[in-house]
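Look for chain A in each of the two complexes below; its partner is chain B in the first and chain C in the second.
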Partner chain A sequence: MARAQKKSTDIQIAICGSAGDGTIAAGDILKRAMAKAGYKVIAFDVYPPEIRGFGKCISRVRISSEQTYSLKPLSDVLISLDDSHAIPHVVEVRDFGAVIYEDTPVSMVPEGAHISGHLLLTHLPYGVPFRELSEQVTSSARSRNIAAVGYLAGLYGMPRDVFYGVISDKFSAKPASLTQINIQAFDAAFEVGRDTFRLDEGHLNPPPSNARNGDLMMMSGNGAIVRGCMDAGLDAFFGYPITPATTIMERLASELPVKGKTMLQTEDEISAISATIGAGYAGVRAATATSGPGFALMSEMMGLGAMAEVPAVIFVSQRGGPSTGMPTQTEQSDLNIAVFGSAGDSQRVVLAPTNVEGCYKCAGKAFEIAERYQTPVIVLLDLYLSNRYEAVELPAKNPFKENCSKPVGKLKKDQTYHRFEITKDFISPRAIPGDKGYRHVVTGLEHDEKGRPRDQTHQKMSQKRHEKLLSVPRLPNINMSKRFGDKGKVDVAIIGWGSTFGEILEAMIVARTEGIRCAAMKVVLLSPLPLEPINALLNDSREVLVPELNYEGQFANMLTGATGRSVTRLNRVPGTPMHVQDILDEIRRLAGKKPGKAKGRKRLAAE
Partner chain B sequence: MSNIEQPVYLEEKLEEIYDSGRLDYRSKSFPTWCPGCGYFSIVEGMTTAMNNLSIDPDETVVVSGIGCASRFPFFVNTYGFHTLHGRALPVATGIKVANEKLTVIAVGGDGDAFAIGGAHIPHAARRNVDMTYILFDNGIYGLTKGQTSPTSVLGFKTSTSPFENHDAPLNPLMMLLSYGAAWVGQAYAGHPHHLAKMIEQALAHRGFSYLHVLSPCVTFDKTTKTYKNLGMSVRELPEGHDTGDIMAAMAQARITDTLALGCYFKELRPTLGDGLSDITRRAQGKEKDNLRKHDKPKKSRTNSATKVPRRRAAV
Partner chain C sequence: MSAQTHIVIIGSGSAGSEAALTIRRRDPECRITQITGSKLLFISRYELPRVFNGVSGWRELLAYPPEFYDKNRITVRRNSWVNRVDAKNKEVLLKHKEEISYDKLLVASGGGGYLPEGLREFRPLMNSFGSYEDAVKIREALPKKGHVIMLGGDMTGLDLARTLVGVGHRVTLVASEQLFWPHEVTDDQRVKFVTVLEDMGIKVELDKKVVAVKQGTKGKPARRVVFDDGGGIDGDAVMPFCGLMPSLDFMIGADVDIERGLLVNPELKTTNDSIWAVGDVCQIWSPEENNYLFYYGWHYIKEMGKIAAINMTGGKKTISTHKDDQLFINKKGEIDSPYWKHK
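What follows is the complex of A and B.
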């Protein structure tokens, strides 16, 4: 590309159409091709809860040379495959950004239904006959979505051969002629795009040559969970379908049996968690995955896991709640139930990765922690993180340890085994069924060290279950929390968890360029909280901001409860990721710079 | 089935117990049950059956829910898991999936099984999990001190049905037969020898075996399922009953004014474990096919969803 200068790249493409237009497939081809070409990619699809009909689909792909952490609020290009759905998204295109649409004659559609009539003055219109292009080369309009991608690739001068590879992969299960047809449609549109007048700004520069030579994988959060499970040697998975967790179960259904392991679809989530606890008790690595409604059903069994000290891993991908809520929208409102939800003081470990790579690490680590601490470990994701794609680099060597269980010692003659022996680190040596001579009963009743039901031991055993987890924040090889930005004293600290942290980081980076002294902290371990680093940051900061995608400020409540420090909350529940701009406005306001539009409001209403 | 009518003498019984070696299968815990509770004979029957079958107690897990019945694991000398109200079966399924070698026995009461845990029974049965489920039916909630249960008889007065129970009782045998349980039988706590034999048969069966044990709650039921009433209503299955005939089994199960003891139905069919091995075999065979398909062709890689070797963009 002649015009390529030594500049960085950061473009975001939005493709919008109705279910059946191949919108998501087009976005998929684009993101995979760009990752293959060596760019950093973040992608997120929004699709309707209904399978049939003409619900709206949007695929957003951010392509950049530097690491980015979230999607941009404004895209550089909007491709419309269905104007009726795309029109409301025109305002999400930046000034001097492009809107690419099907070149239907305006006279052929009802008034107001043509997207060209909705563009802002600052938008560049590109009417392209996708349908015709597809029909010309393939004698069918079916490759219209591929033609749209081809046109975009031509417009930006994207490397063609990576697209060929991705397209043939995508259709590898179908007849070879289909690959051919789609490549032809791609090519035809590519040439049209290449010969079109191009914008000077926002073009594609070659990926940085310093990009590491490791293998980049285009992977979703749920995909990374599956990889983490497989690398950690997951033995048995039990699940019940629920959006947005189902894809974990579906992938494991085909991957586990290849390794001689088991995926079992249970009759409900109670059964799924029960079987997971059963398998964990019997000594294998077991897991289940669900979303809010299923997780609510599991909460009683979470308490048994804590009481009977059984390892189990539970992946929870949050969606809008309460109840069935918004099944295809994202939210971070199951933190309370994850940390507290069960009868009694039910101690447990909760991890929340903030990006796709983190999903991989947390998934694998969760098995080690569950085994070592003999307790349920919850990994909290949300729809945005489960379904978003990032180009990640996974370690070449499997980083996860195999058996982390505290082994039982040899018993002396006439010595009986104490399953719940109180040791120095409060973790008891654990025998499993089949071990000769260590027979015992575990129970959800309060019990003594032998496991016999006893009420009188409740104080002592509650302490055991509490104290054994206190070393979790100091576990090596995983960031339980991490501080970014300015060191030392800062005006504003932004503390966040889960997928929202990407937006927090972006906002913090911009704020620093504006001269605001600020730092951001991601908290990955949400129970028990890593209080040492959190308190250190709180002591360093004049103002503390906690943005999260729930209405009640669940994490803010936990922070205030644990540290006594009151914090400024930013709560939004639009069902979509937090806007970087909203966080930035709050940072500016707290820093005393020109107040943004969020003036003084503590809690912003949902959109 | 002559021993149904055979009386039991304490002296003989003690002698027999010491000689048999089945005390090895008893734990050192003293049962917490009320004196006279039918459940004692289920412990006796279980230890006898295990002893007769020389089951390795280190390779055995007894899983229970919550209730008087579910205290059972504490009284046998095996591995045990006393879980949650209604959840014995799914926990037991997880254990069996994790370690196919283990002998898995689930136990529980009528409330545990058919009220709160009702959703799990059809699925354990249809999957044919290779385990034994022993159901202690006293027609009442014992542990919570005498409330109506799904098997309480019509007209039964309890603390929660002071004006008599109007909800028709379930017919567990009919349910289990139609759920596809691979072995279905019934025994009575008042006939301990027969009970022990039935437990032995159920344990020996490969697949999901369900034994329904009629057992009086002497403390909270003075009127319906008492030793006296049950003793008068139990009978043997008709001579020549064909345990391979599901319709004959159902015909017997439908009769509820008298209660037939014995094995109603049994069949051998693939277990959950067999199914899982088959899935593994297919998956591994299929995986090889995939590799073959992807080995030859073009420059593209296997599995599109995974590895993307980084390549310099051709610009």
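What follows is the complex of A and C.
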């Protein structure tokens, strides 16, 4: 269009179809190609718990020239590969955005079953014969998802070459003819898109000249966890499949054995944590990954890890709970069990990354912390973060240390090794079973410094296990918390953790443009809390807002309990990420401004 | 009418929109669906020349904002093409294979640009002018002081020609028998009006027969129009303006009488009791002429929409079939036409 266009790019595309339509694959190709072209990309896939052929899949991809932190609540473009699933999502397309759909269905459809009848009058419709385009060049309709991506790429002038590379990579394990077929389908639709007169207001300008084409990798949260584990030198992984943590195990299953390391699928989560702690006791870097229901089973062994002072790393990707809950919906409601779950005073370290790059760092650092402090470390993820893709640039040099255990000193004659010696920093020198001369016993029973069962030592050993962790917030080379936004006194502080922090940051940025003095803090270390920076922010703030995806305000409770400061809670459990608009409205309210009104969007079509 | 009545209007132009609004005013309960092939809501063709006068986007040209349709509960099915009408089952069948049932149907699909048979093979090298997209494509195809070659010379084309000349482009009109269509002018009037056109800055080529439109050669403008005498002219774009052709293929087999257009009585009802037709698509029975006639121009079209709506909602009104629209020369010394008047 001739309309003057902004030079920056910020366009979000949603692709919606049925399981088996290739919806997620189409989104995957799009996000990888755009990252390769040098754009910033955030993507999130939603898929059904049911088997293939049923249920709705949505892949959302936000492509931008500037760094963004979350998905937008409204997409600029919706591509429907299955109208029955896509129709409810039409209202999630912004005004003057585009809806792209199949205009040659296989058979007649009754009135109201076609998506064109559900568009808002502010939407721009693009009917495309995806199926026919695919059939014309491939003799099959199976590439219609690739045709949809091709049409989109042509319509918005996306660079064609990067798609060729991504499609080739995608089908590299398949016969070469399959790659060729899909590129043909892409090309045919690309040309149709390129020749289409575009009327919507989404735009995609070339990436910024300083974009580092090719250096950015598209990576999911779980993918980054795996990368972090491998770079940290993970020796053994034990797990039992559970959504949304399964992909961690799947990827490690293909990476660990080729390096001569161990990956074992156990019979259940109790075995997985037991084996992890056993391996940690034996002196290797070991981990497991699970979700809420599995972690509930692990809680007893978590206590053993704390009591026996054994390093172990547990990745917990949260989903809707309690019980089996909502396996494919996101939530942040396992904070309580992560921090407190187990019998007794069960001290542990809990980290919660807020983005994909953070997943990489936390994964690697978790092993260092577990070794250094000889205790289980939980890395708390959630479905939104596990499955979210971002374009990230990982450090060229491996940033993780190999061995962080406190070394044992040389024993004097007749001196015996005290595995649980109380030292100045409460961390005991750690010997590995089999180290000559350092014979010792570990037990789940309370014990003395030698490891011998002794109830009388409970007070001082509890203090040891507690006090040794107090220096965790001051560990170098990882941001246990970070403040953003206005410095000094602010009207509103927003404190968040986990994946929700992206939405918090976006809301804070908008609020500041409206003249509200505000700051946001991400808290990565959830146990023990980094109270110094948190208290500093609280002292600077007139109002404190804590948005989180759980019903009870678990983090807000922790903050209030630890600081004595009352906070305003914003709790949602829709199974989907928090809306930026909800946070922004609350910031405005707390700042004394009128709540922003979401644009009224009455549906007219398909009465 | 009952709340269940579903009135479907094929077309979202002046006639269809006027009909939809009138129906809603007369019947607050019925369901109204407009079906249009356009991706956009209604933009009057009279507004399209504004694209050359500083309009930067289609939103500025909308006849009614989206809220208008919302407020009046008028569903508009855009980007939807009618394949056929099943009058027996009262269903409209769309190209994307959706079936829309109706109780009453109004056909207001208008007309597409007519192209004489000898020129049809050159259509890919010509620019049409029926939509916002067409207008923008022309704007983008023209360099500064660009040269547009118009074939035919109907009143829609002349309206655009005066705009293009006004913004600094050159226009050459290769006149045909459709010059001044739909006005009927005598030979004397024709000579006089052509002189006025040239005074307005529009070059007119008379008595030239176009035999081909070609791609321009390297270093020359993008198009070349070739005449039967072997000569020709170069231009940046070629646009046919040879009158309108009713868009009614989808009505074949729909249990209605068709001549060149859909035949309707002065109440605008077709030969099917559930189907009415208005605008450029219909021929209205004129008792004065004892014949079915086409009626063009914004005033007629809008009036047709209103009268059809009244009759579809239980009223009884006939349209005046008296024609007195004349081409004339206005006070500025330029040609003018009632067809150009709209609001």
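The rule we apply is simple: the second predicted complex is superposed on the first by the 579 of 607 C-alpha atoms of A that agree within 3 Å, B and C clash if a C-alpha of one lies under 4 Å from a C-alpha of the other, contacts with A are read in each partner's own complex, and residues count from 1 in each chain.
Just so we're on the same page, a residue touches a chain if its C-beta (ideal position, glycine included) is under 8 Å from a C-beta of that chain, and two chains touch if they have at least 3 such contacts.
As the structure is a prediction and not an experimental result, all values here were calculated from the model.
Trainee: Looking at the overlay, does A:552 come into contact with chain B only (first), chain C only (second), both, or neither?
Mentor: neither
Trainee: Counting only touches as set out at the top, which of chain B and chain C does A:119 meet: first, second, both, neither?
Mentor: Touch partner of A:119: chain C, not chain B.
Trainee: Residues of chain A touched: more by chain B or chain C?
Mentor: Of the two chains, more chain A residues are contacted by B.
Trainee: Does the superposition put A:10 against chain B (first), chain C (second), both, or neither?
Mentor: In the superposed model, A:10 contacts neither chain B nor chain C.
Trainee: Pick one for A:197: touches chain B only (first), chain C only (second), both, or neither.
Mentor: Only chain C is touched by A:197; chain B is not.
Trainee: Classify the contacts of A:452 with the two partner chains as first (chain B alone), second (chain C alone), both, or neither.
Mentor: The answer is first: A:452 touches chain B but not chain C.
Trainee: For A:264, select first, second, both or neither according to whether it touches chain B, chain C, the two together, or no partner.
Mentor: Once the two structures are laid over each other on A, A:264 reaches chain B alone.
Trainee: Tell me which partner A:250 touches in the superposition: chain B (first), chain C (second), both or neither.
Mentor: After superposition on chain A, A:250 lies in contact with neither partner.
Trainee: Quick check for you: in the superposed arrangement, does A:467 touch first (chain B), second (chain C), both or neither?
Mentor: neither
Trainee: Show me the chain A residues, by the header's touch rule, that chain B contacts in one structure and chain C contacts in the other.
Mentor: On chain A, the residues that contact chain B in one structure and chain C in the other are 1, 4.
Trainee: Can you name the residues of chain B that touch chain A in the complex?
Mentor: That would be residues 27, 29, 57-61, 63, 66, 73-74, 77-84, 87, 90-99, 101-102, 119-120, 122-123, 276, 279-280, 282-284, 287, 294, 298-301, 304-315 of chain B.
Trainee: Could you please specify the touching residues of chain C with respect to chain A in the complex?
Mentor: It is residues 31, 39-41, 56-59, 66, 69-70, 73-80, 93-101, 132-133, 136-137, 139-140 of chain C that touch chain A.
Trainee: Could you pull out which chain A residues touch chain C in their complex?
Mentor: 1-4, 96, 103-105, 107-111, 113-114, 116-117, 119-122, 124-127, 197, 199, 602, 604-607
Trainee: Going by the contact rule set out above, which residues of chain A touch chain B in the complex?
Mentor: These residues of chain A touch chain B: 1, 4, 32, 35-39, 157, 159-162, 165-166, 168-170, 172, 206-207, 209, 211-219, 223, 235-236, 238, 254, 257-258, 260, 262, 264, 266-268, 270-272, 274-284, 286, 300-301, 304, 308, 391, 433-445, 452-453.
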